[in-house]
Amino acid sequence: MTYLKGIAILAMINAISAVGLAVFTGFTGMMSLGHAAFMAVGAYTCAIATKTFGLPFLLALPLAGLVAGLSSLLIGIPTLRANLRSDYFTIATLGFGEAMRVLLENLTITNGARGMAGLKNHSTFGVTLAVLVLVIFFAKNFVFSRYGRMAIAIREDPVAAELSGIGLFPVRLRSMFFSAVCAGIGGALMAHHIRFIQPSMFTGVQSTLLTATVVAGGMGSLTGPVLAAFLFAFVPELLRVADMWRLVAYGALLVAIIVLRPQGLMGYRELSLRRPSGRRRAPNG
Amino acid sequence: MEGLVLKLPLAFQTLVTGLAIGGIYALMAVGYSLIFSILNFSNFAYGMVIMLASFLGYFAMSGLGLGLGPALLCAMLGAALLSFLNERVAYSSLRRRRAPPLYFMISAMGTSIFLENMVYATIGSRYNAYPELFAVPTLNIFGASIGKMDLFAMVFSVLAISALTFFIHHTRLGIAIRGASYDASMAELNGVSLDWLIGTVFALAGLFAGLSGVFLGIKYMAYPNMGWITNKAYIAAVIGGLGSLPGAVAGGFLLGVLETFVSVYLSSTLRDVFSFSLLILFLVLMPSGLFGKTLEEKV
Amino acid sequence: MADFLDIRGLTKHFGGILAVEDLSLSVAQGTVLGIIGPNGAGKTTVFNLITGVYPPSEGELLLEGQSLAGLPPHTIVQRGVARTFQNIRLFRNLTVRQNIVTALDLRQKPYSLAQALLCNPPFVESPVKAGERALRERAMTYLELVGIEAQADRRADNLPYGLQRKLELARALALEPKLLLLDEPAAGMNPDESMELCALIRSIQRQLSLTVLVIEHHMDLVMELCDRLCVLSFGKKLAEGTPAEIQSDPAVLKAYLGEGWVRA
């Protein structure tokens, strides 16, 4: 039971970050290869706040989200303001992620490449579930509002969006900030679940996994990525697949989905209690 | 004055070392830029083709006992095939249904994770050293020592890039490729099918991946986690201006030299942070790079 | 007294290629100006310059005496310019109605971000839900204006081509522009459809007293719709005048209309 609970907690942590990234990738149409860096910022902020400064976890957790959000402005403001081509932006986020990891490996306060051990276990099932519900609540309110609609318009056609009076920069930055806050909170929960962090946990592979979760779950869906996060956590575990074969499968899955079924599990739809989930639904249609 | 005399040889040595690695960066950047110029997107999977080429070269030399020449040929042909398949499997159907750039990037990323972890899972994460090629591996030029292999790689890089330049400027197919890089419908005008043309470009880029993979393997050994160095391909290409071949060459050498100076004079841990910061700086301030054409989206 | 839209010495080059060269044009409020000319004459580039998709290399663009040159597109839209595109650009995965709602947001802005995030619990009435309802209702008036209200809940992507053009027109109108730019609104339509569209544009233009610039190849539509015409060739203005004047201009006949009439 504790074993399954542990996997469920991990799944929920991944779902929290994935919901954030869904807002950025699935709803705003931007791809990031640097979201692991925001997870890292959140994880380290929370670990340092609780361990070094003795802050209570429930204060450190939102702080972790905030600091991760602010760190996203570092890369987001220059690149998004310059309105880079989408692939240039993605390369820039990759560069940011790498630079951040090297930085963490060389700072004293993060204890360098050896990382920080002996963190307390604060990410209980209840806490993680509560955070996940909150994150979904905010994401849903954001996405199904005029702010989400502006983001969707940009995903659909940036030129038409701009010529409908939507400024690309503020909308993209807002989505990026939101997704970074979620990633930061996810990272913080991860730190206090595994109780040990080091920079090598937050590489491009982690960013890729998050993107895979969003793509498999379905672009333009919030519940899809949550579903995918659970599938990605439980299926390999139950099948006892070795770690690297898991990644081989994720890679193949990404290509297969994009080539054969680009809408993923739940593209442009949501799981809902109110209406049949099979019905195609445009936001606030 | 005395200090200067003492320091000059170090600077010269650094320059030579930088040029040696820069030559390989240039090779990688050329292949990467070539694909960019025709599909107008950054093929993140290219680095993994280079990594696999490096393994191909290693197995050809260590496993089959082939010499450098045949091994290079094996790696180049293998990488060309791989690169061609990469396009057919991951991009061609996206291309036909005019999928948004996001989809291309995701597909490229998927391919790249797949290939990298396939190597981890089947061959393993070990570092595989190529057999020693020269009894005395270094040469002394004006007080700086340079690996004979580095020198060979540099000369060969320059030759290969010259051959490519000749090819795209003076052959019918090459001219068709250049035309298509401005406007895809031009390919049809030249009487060449676009599918075939794009396949050729990927295979051509694969040849360059093969070359650079073997040279990288000789220098740094072959191992699955080579991504950190193959990433330099697009840093170099961005610096030079994506889609520009002279730009890719200039960017490769420039990056190699600057990076080596940073690691010698500042700190070697800062080297990669420096490269990535340079990348972001170029993307934001000079997105068309040193030689690139300005790319405005068509409306 | 400056005209409603005043273009002076407008020039745009891409690298070495001159797309628009030293173009000057004045458009009076409430009139329809047609821009015609052979393919590659720079017509769409002129639209892209007016709407800020590209900054002009040289020259001035004045709307009611205020300069538009160098402003980003969304600011220009805010100032009252809206357009459609030669290759239809809809928000394809959204419903027809949501396409309009997206554009309505520019003038309406019914609630703030804080309200959206914090004051919208499920199943309970909120300013957000009320605002969204109002937007959805308002969207219907624009759909009715172009006559596609029956398609409100279809996905934009699934509309037939002609209706997609009408939706794009309705979306531009929802931005409440003073100046409307139509880039080949009748492309791909048969003569009957294009004359019907012409009547629709005319009636909307009178009703809202819009100033309209239209690029079009259907000559009968151009002659019917436009008060004045401007002929572009290789990025330069070849002639300007009433449709009747243009029709009898020998330079135009030679360069363009001769061929155009034969085709029409």
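Chains: A, B and C, in written order; residue numbering restarts at 1 for each.
Here is the rule we go by: contacts are C-beta pairs under 8 Å (C-beta built on N, C-alpha and C of every residue); 3 or more make two chains touch, one makes a residue touch a chain.
Computed from a prediction, not measured in an experiment: that's the story for all the values here.
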Leading chain pair when contacts are tallied as C-beta pairs: A-B
Far-end chain from chain A, centres as C-alpha averages: C
Chain whose Cα mean lies nearest the overall Cα mean: A
Averaged-CA centre spacing for the pair chain C and chain B, given as whole angstrom: 45
Euclidean distance of C-alpha centroids - chain A vs chain C, Å: 39
Approximate Å spacing (C-alpha centroids) for the pair chain A, chain B: 31
Multi-partner residues of chain A (each touching 2 or more other chains): 159
Where chain B touches two or more other chains at once, by residue number: 299
Sites on chain C at which at least two other chains make contact: 53, 85
Residues of chain C defined as touching chain A within the complex: 51, 53, 72-75, 77-78, 82-83, 85, 89-95, 97-98, 101-103, 105-106, 109-111, 113, 116-118, 120, 128, 131-132, 135-136, 153, 155, 171, 175
Residue ranges of chain A touching chain C (in the complex, touch as defined): 138, 141-142, 145-147, 149-150, 152-153, 156-157, 159-168, 174, 220, 268, 280, 282-285
Footprint of chain B on chain A - complex, ascending: 25, 29-31, 33, 75, 78-79, 82, 84-92, 94-96, 98-99, 102-103, 105-106, 159, 204-205, 208, 211-212, 215, 242, 244-245, 247-248, 250-255, 258-259, 262
In the complex, chain B residues that touch chain A: 41-42, 89-90, 93-94, 99-107, 109-118, 120-121, 227-228, 231, 234-235, 238, 269, 272-273, 276-277, 279-280, 283-285, 287, 295, 297, 299
